[in-house]
Structure formats: structure tokens, C-alpha cells
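In what follows, chain A forms one complex with chain B and a second complex with chain C.
Moving on to the complex of A and B:
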């Protein structure tokens, strides 16, 4: 019996007829994915048009930052800057004296929001993923419903609340409400991730006499780390991309303003220095753009896991 | 283990921080909005209850119904265009051509950068005399003179929609792309063996299997778009002559501009009613779709 089995095994491993086709299929493009030349051309044309729509404001913004104001405000329009210079990148630091501070504030606010959200969301997600308690389904639905209301709708009472807490015109006025609207989707995302960790691991720890808190800290947290990283990145991006309305309404101190609002003051002036505005925008967003190139996998993972049905 | 009393206590303890946070920062303000909507609250510290007066005022005086209709039209066009462009983008990025990963990264910036900064860039592009769009149109001889997109009612209306679409498209595209890539290859190969063409395979395999993703994304996008504030506030501030004033902008102006907190709250409550309807539709759709999955 073993002889036959072994010969078959050896044959399977050594026979080129059995091994090669598989590797050939892997290396060559399957027939179904082969395109005729005009198909390839139209795909690339389509992608070019699509990416032009997505990137045009950035391209134009960058070219504007290179143009001197005199050229910007002249007709006829020319797309390419003539005798472009990086002057705007030097002058913007004097036109917006607190630019560095605004860039820092944007980072700082988003980082603190991320820390708060993670601290609140990890235990909550664990509770939803593992425990049966009264009204758990209803509570989860309640959290999800928070997602549907934007901060703009609740602005009046939030303003009163912030004033009551004495938080107006501090970093907290932007951090506290900002975090609130990011908590629900993060709970949902992390819960989905934690559901995939086998329940047997908790039970084994329990049998070994570990306390519930110890189990969460030593068993669940390390295993959930990749999920927590995704949630942290999604939260940071959410906090970074959407900081406008709270910062506009609850804070009037220039030194606490995040980048978008700091530049809004610039934008609102009678004569907008467009080249410097664009230069400041680019310098402000550059660090995040670079980081994103490396983190894009996590973003895709977060986006798809967050929106899947339960 | 999981259903004992100590387990329930432990679970509630774990939940407490999130629950208290949301109750204070979201639930309490929601209740406060409803209460305020029945008062004449303004800048002065005291206020009285006025019953339904605020609601009567907003629905009889002024153009609130017009604002509601405009908001719904604006949202409808914005969401539909996002879905169509997002689907086209996903199909293109899903094609097996070299450079896929780079193209995928290049779609992300509008979603990643602070929304307001993207909007400043659009504000320049829409500039009538010197902006890119008007400039290009003139250079190609498509228009006779400069077109100041944000200065006229209906061009401003469409300009704000285009910017909203621009911000929403990356998320829709990447979500659709991921959903498209999770469809089993075997299905396509079987159809291909039977001689089905590309469009036919998309129409008969991709589209039906992506229906849950499309419904989910449309509803999420509907809610986000309905609540959209930054774009219109920065680009037109509701103008010219109120032609781009949506419900959110209208509420903000009443409450924060004119400091009529009571009346602003009444307008906010009407928004909440609309959002709740969308929300119910969303929950029902999710439940129905996940039941379909089980079968």
C-alpha cells in the first residue's frame, strides 16, 4: 500500500508534466485577461481621463503656486507657468505668520483624537464582539445611528455645551466633538475584526484562571493589533480630513487653528494671494500624502471592512 | 462564561466610556436641539417656550420648502454622479493592465487631504477671469468670454455638485473596486468559456453580485452628501442670492449668523427627520441584503 502511495507521490513531485503547467499558468497572463491593442488603448485613455478629473485641482494648484501673482491675474489663461519660481514658498511664511503652527495643530488635533478614539473604542468593540448583554443589538444600532448625524446639525447645543465646559477657544473644543463622530464607525470596524479572533482563545485563558481584564490585555489586544492599526489610521485620516466646522465655530484663537481654518482666514481676504495659498496648502498636506503612499493598503482594508454588512 | 452576571457587568464596564462619551456629546445635544426648537432662544441668556411657533414660521414665511427641494435635488444628482463615476473608475482600475497599484494610490488624494484645502483649489479653478476651467474653455474657443461659475445661480449649483462628486469619488471607487475583486474568478472564466463578451460579463455577473455594495454605498453616500457643509460654505456660502443654500447651510446661517438659536434648532430638527428616514431605509436594506446572503 505504502509503495503505491509513495510512487504516486514521487511521480507527482518529479514529473515535469504535472509541475510545469501550473507554474506556466501562474507566470503567463491567462487568456481571459488578454486585451487587443485597441482595448488596452481605450483602458489607458479611460484611466487618464478619470485620473485627470481626480488630480486636476492638485496639478493646477501646484502650477499656480509657481506662478507670480502678476501672471496669475493676466489673460489669456496659460496652463504652464512662464518664468515660474518658488518665491511663494518663501513668502508664505511671512504672509501667514503662524503657518507652521497651523500645520502642527492639524497633526496635534488629529493625533489626540486618534488616541481618545482608540482608548474608548477598544474596550467597547471587545464588549460587542464577545459578550451577550441586554439590548446589545439595540446599542450597536444606536452607535451606528450616530454616524448619520453630522456635527453641523448639532452645532447650537454643542456650542452651548462647549461653553458650559469652558472649552471654547481651546484645543478641546475641536478634539472632543471631533472624536465623538469618529467613535461609532471605529467600534463597528474593530468589532468586525475581533469577531474573527477564535473564541476558544478567550476560553482557554479563562480555564487557566486568567481574569477577564488579563485576557483582554494579554490575549485579545496582541491579536487585534493589526485591526487596531487600521482603525487608528482611518480615524486619523477622518480627523485630519474633516477638521473644519468645529474649528471654525468653536475656536477663534489663531494659535490653535488647524491648517484648513488657518488658511480660510487667508482665503477670506479681499485680495487672495492665490500662489501663496496654494504653496501653503501643498507644504501643509505633503507629509500626510507621503505617509499615505506607504499606508494605502491599510486604508483599503479599513474602508472595505468598515462598510461590509454584519 | 459569557452570559453570567459578572460577564454582563464586565461588558457594561467596557462599554461605559464610549457610551458616556456619545451620550454627552451626541445624544444630549440631539435632545437639546429638540427642546430648543420650541423656544425663542437667542443670544440673551434667558428664553421662553413658544410652542410650535418656530415650525409655523419656517414653513409659512420664507422659502424653506424651496430649500428642502433644492437640497434633495442637489443630493440626488451628487450621489448618482458619484456612483456612476465610481463604477467607471472601479471597472477601469480593475482591468489587468500594468500600473494598477499606482493608479489606485493616485485616486486617493481628494479623500485624504483636508476637505477644505481641496475646496480652496476648486475655488481657484472656478474663478471666472483667471481660473483653469474658464481659461481652458476660452483657449479652446468653447466660450466667448470668461465664465464666472460661482457667480450665477445654476452654474454655482452644478459647480458645488462637481466638487462634492470629486471629494466622494475616491471612496466610492476604492470600495467598488474591492467589492469587484472579491467576486469569484471562476464565474468569469465559466462565462468566458461560453463565449460571453466583456460587457455581457459585467452586466450579468459583476452588476448583480455587486448590488449589495452599490446599495450600501449609495445610502451611506446619500447621508454624507445630505449633511455636506464645507463645500457650499467655502465656495458660495449659499449664494448667489440663496441659489445654493441647502438645509445645512440654511440652519448654520440662521443659528450662527443671525444667532436665532430657537429657529435654527427647528430647522435642524427637520434635517434630523430626513436623516432618520434615510437611516431607517439603510438599516432595512442592510438587513434584507444580509438575509439574501444567507440563502
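Moving on to the complex of A and C:
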């Protein structure tokens, strides 16, 4: 850690020599955005410390995936891989032949959950944002309460329910509870976003003869798009993260297993293929990364849109 | 036959009575302005006519047909909102075309009507822009454009100019009046600004706490206010009010005791009991420097020089505010007492209940 921090500090200490004359001439920044060199230094130091804690497991994981298995158990432990290679990324496909299927399952389950959640949440959020109906406040409070239960608490009743519906050992066993747990918070989130859209727009459309559904489709949906994208991303990530527990409990068929459970295949009878396990984890995250990179501009726009609009 | 008629119209939100029985007739082509202080129910009344609020009691009819339970589009009205309520993700063209798209009109008809509206409102070069790129006045015109493409019988305006700056406001006022002349349709216009009401209206409806205080042409309201509220609301600066008591009333003359200001005999035929407290009203612009039929002496607190006018602020002996408006720049100075007079035919008199006495 100290290495990273020190280089940051040195860089920051050196910078005033470069920055100061420029700021004395005339800084383009407004007064409120101007900082002393030591303020800038401490901001960057803080960021560096924070990032290090967040990223350290990933760095370690990545380095492990590059090492041959024998090196992982050597003493003294070497952090930097000696004669590291990407062999694990090749071998993992043969040592666990279903790996591709597991990655696809993860992606597929999360995508279907996201689609279901969006389809349900958009009209529900509009209703909660616009209509006055009995017990709407109570229901919203109920949604928050549901969020306080983790899925784990409800596993046994859910198992009975799944068995009753004959959904055990199907994709639905992972999709249905996954969507159910993500819908309430999404309604909350999107409702808040829709409340920011002026009510006059609905009224103007109503005066012009548009039905509620037409207004939702032509006026509210396009304006709420950034909010919907945020909900979609959150749901996708949420579904990706929570599938482990549902998959473990409600499914015993290898071909339906998502990646988090599928990774257990790397646990052999004698030894655990740690390097390949790490490699598989990184490859498994890729689809999520791609989705996020693709939607990121909407995500950023979505988070600031409310602040900028009147 | 009147085009719009309101009969004993009432509106309550839970326990709160907002509109307390309103009767009004509006004939075709009239420009009617609802005016009143905030909270008087003028916007609620407009929204009831639009069909955005339920009617609690009474009846709204348009062209002889009761429309209480009809949605806005079947009432033949179009509304322009205070916040314009433009759709920010659509171009100006699509904003104006919106009601026609809802109606599912054929493409060439939409094109024809939008172009016609754009021409009237001088929006042609702006059709492909989004509302965010337009100035306040242009946004306002887009909102009006969206209202006129449907060719409604009645236009409703809810404080449409209150978001504009002063210069643009007077410009748009003229444009709206020209639009009214050109289209010849009925317009109902809500504002809290009595200057807008005075300049634009054929008929002003003054509302006070959910009831109609007076209906009339701008000059009727200015010259013959029915009550104290209308007298104080119409005209700028506000009418001066001086409290007094009746000394005697003989059927031709009422003699008033104005306390420290002395007594005043007004030609009024009304019989009014001696000892009753009354309010005398005189508009600031009807005051003259020097002696008149009645003369009083005040010490100016503040003097505003506007070039064309000079406004004088003072207090009467009893503490009431007193404002004088004089043409040009007469020689008056702050803290230096002046003589101010007025003629008796310009005096308004109101009884205990605030009703005008003639």
C-alpha cells in the first residue's frame, strides 16, 4: 500500500511548482473549485487508499490466476508471479467442460430477471408516482420491509413454494425469486425518478386527449429513460450477485447452474484449482463488464439528469 | 346564447371549500380574465372548466351541453399551462403535432395544421429545435401552438406570462391580443396581475376567496368598483382608503367626519345611518397638488421619480398609507409638507360591509 501512496504523495508535492505560476496568472477554475496544493494532495491520497482497499482482492485474484498452482502454496509466498502465464485461462475450459454453459446461464438468468423487473416496475412506478389510491403509502413501506429480509431467511418457505409449483431444477427456480426480491426496491427507485417529471406534462397530454397509457408510452417513458437504465443496471448486477443462494438451493442440475455455483467444480477431491477458479471468475465477470460499459453513459446521465433539469 | 356557462359551481378539497358558488356567462369570442390574489381559487376554477378537476356541486355547460363528466378533449377546450408543459424530448414540430397525433390524423393534415400554426406564431425556423434550445417567449408560443392546432372552441390560459421577464411579458401580451383578434375564439385567461387583466380583457372576473367579487369591463371596474376589494385590487398604485364616520345623511348629501382631516360633504342619495363607519376611496392618480374640493396636508416619506410620473408616499394622521401619483416632475421634497387636493366626483365611498355607496 505504502508504495502506491508514496508515489501519489511525491507526485502531489512536485505539482505545486508547476501549478502555482499558472494559477497566479489566472486560473480558469471558479473560486469554489480552487484548492491549495496540500488539499489536492490529501484528496488524491484519500482516493488512493480507498481504491487500494477496494481493488486489492481483484489484484490478488488476477495475480493468482497467472501463477502455476504449485507456486500458490510455496513459502515464502511471492505476491508477484514468477514465470506467470495465462495457461489457467486455457486449461479451465477442459478441466470444467460446462464452464461456458455456466457463464451463459448466469448471463441468461440475469437478463431474464432484468426484463421481467423492467416490465413490472415501469407501470408500477408510474402508478405509485401519479395515482392516489388507498394503502399506496403502506405498500411502499411494505416494499422497504421486504428489502430488509435477505433471501436466505426465506429459503425454506421458498423451497416449499417452488416444489409446489414444480419449478425446482428449472431456470424459473432462479429467475422467479431473483426478480421478486429485486422488484420492490426498483419500484421505489423509479418512482422517485418519475416524481421529478412535472405533473403538468401528464395534464397537458390529458387535455390534448391522450389516454394514460399513451402518455406513459410517448411522454413519461422517454423522459424516464435514464432512470429506467439505472434500474436495469442495478437489477442486472443484483441478479448476477444473488443467484448463488437460489441456484444452490433450488437447482441440482449441472446444466442450469450459473457461474457462482458452477465454480465449485474447480474444487477437486484432492485439491482446489485456485488459479483456474480465479481465471474463470474473471472471465465470468466479463459479460457484466460489457453490459455496464455499454450502458455507462446512460448511467452517468441518469444520476445527474434530475439535478440539472428544472 | 352564451358559449360557456357556470351555474352555482362549487369545489371542495376534503373539508376546504375553494370555490363557493360561482355563476358566470361567457359569450362567444370574448376575452375573459379571471383575476384575484393567490389562493382565491382562480386557477382551480380554470382547471374545473378544463376538466382537470372534478366539479363538487353545480354545472358547467359549453355550447349548451353540460360537460361536468366529459374529459377535456370532448369539451372542445385547449389549455396553455403556466409552466408551458412542453415535452422536452420532442421537437417543436412534434410538440405542436402532439394533439393531432393523439387524434390519429393523416400525415399531410398534421403537416398542414402544424405549418399553419407555426406561421401564425412565427415559429417556422424553430420547428426542428427542442424546447430546451428556445427562449422563454418562444416556448410560450410553442405551448400556444399546441393549443391552436386542435382548433378548440375555448382557449384556457393559466398564468401564461408569469414566467417571463417584464419586457417580454408586455410583448407577449400584445401578441396574445392580436392572436385573439385573428382567431376570434373565446379565451379565458387567469392571472394575478391586474395590469394584464386591465389591458387584455373584454370582461374581467374579480375573484376573492372563492366567490366572484365583481364582473365587468376593465373601465367599469376602474370607475365603478362594487366593493372595497375590487377598488383596492384594480388600479396601480392602489387606491387610497381613508376611514371615517357618517355625521349625517339627508338623501342628497352625506357628511363625513374624517377625524384629523376634517369633514367632507359628498353628494350621495343613499340613506345611511349617522355614526356608521365608512371608507372613503380616492385613486392616487386623481390627486392634484394644491387645493381642490377637499384639501389635505401630508408629509412625504418617500418620493419616486419615474420621469413621466412622480409617486409620493406618506402617512395620514391616523396612520393609513397614502399614495399620490402626479404627472411629470412637480416640486415636492421628502419630509417637506405639501397640500394635496381632489374633486368630489372622483371620490368612492364604501359602507361598513365594504359595499359601494352611491
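Please note the rule applied: the second predicted complex is superposed on the first by the 233 of 310 C-alpha atoms of A that agree within 3 Å, B and C clash if a C-alpha of one lies under 4 Å from a C-alpha of the other, contacts with A are read in each partner's own complex, and residues count from 1 in each chain.
The rule is simple: a residue touches a chain if its C-beta (ideal position, glycine included) is under 8 Å from a C-beta of that chain, and two chains touch if they have at least 3 such contacts.
All values derive from a computational prediction rather than experimental measurement.
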| item | value |
| --- | --- |
| Room on chain A for both chain B and chain C (clash or fit) | fit |
| Which of chain B and chain C A:54 touches, first, second, both or neither | first |
| Contacts of A:85 with chain B and chain C, given as first, second, both or neither | neither |
| Touched partner set for A:219, first chain B, second chain C, both or neither | second |
| Which of chain B and chain C A:203 touches, first, second, both or neither | both |
| Distance in angstrom between the closest Cα atoms of chain C and chain B, superposition on A | 5 |
| Shared chain A contacts, counted only where both chain B and chain C touch the same residue | 203, 206, 309 |
| In the complex, chain A residues that touch chain C | 198, 200-201, 203-210, 214, 218-219, 222-223, 309 |
| Residues of chain B that touch chain A when the two form their complex | 1-3, 7-8, 10-15, 17-19, 21-22, 24-26, 28-30, 32-33, 36, 85, 88-89, 92-93, 95-97, 103-118, 120-125, 129-132, 134-136, 138-139, 146, 166, 169-171, 174-175, 178-179, 188-189, 192, 212, 216-217, 220, 223, 227, 229-230, 234, 248, 251-252, 255-256, 261, 264-265, 268, 271-272, 275-276, 278-279, 282-283, 286, 289-290, 293 |
| Sites on chain A touched by chain B in the complex | 29, 31-33, 35, 40, 43-44, 46-47, 50-51, 53-58, 60-61, 64, 72-79, 106, 119-121, 123-124, 126-128, 130-134, 136, 139, 141, 143-150, 152-161, 176-177, 179-181, 183-184, 187, 202-203, 206, 212, 216, 237, 240-245, 249, 258-261, 263-264, 267, 274, 277-278, 281, 284-285, 288-289, 292-293, 296, 299-300, 303-304, 307, 309-310 |
| Touching residues (chain side chain C, partner chain A) in the complex | 50-52, 71-73, 77-79, 81-83, 85, 87-89, 98-99, 102-103, 146, 150 |
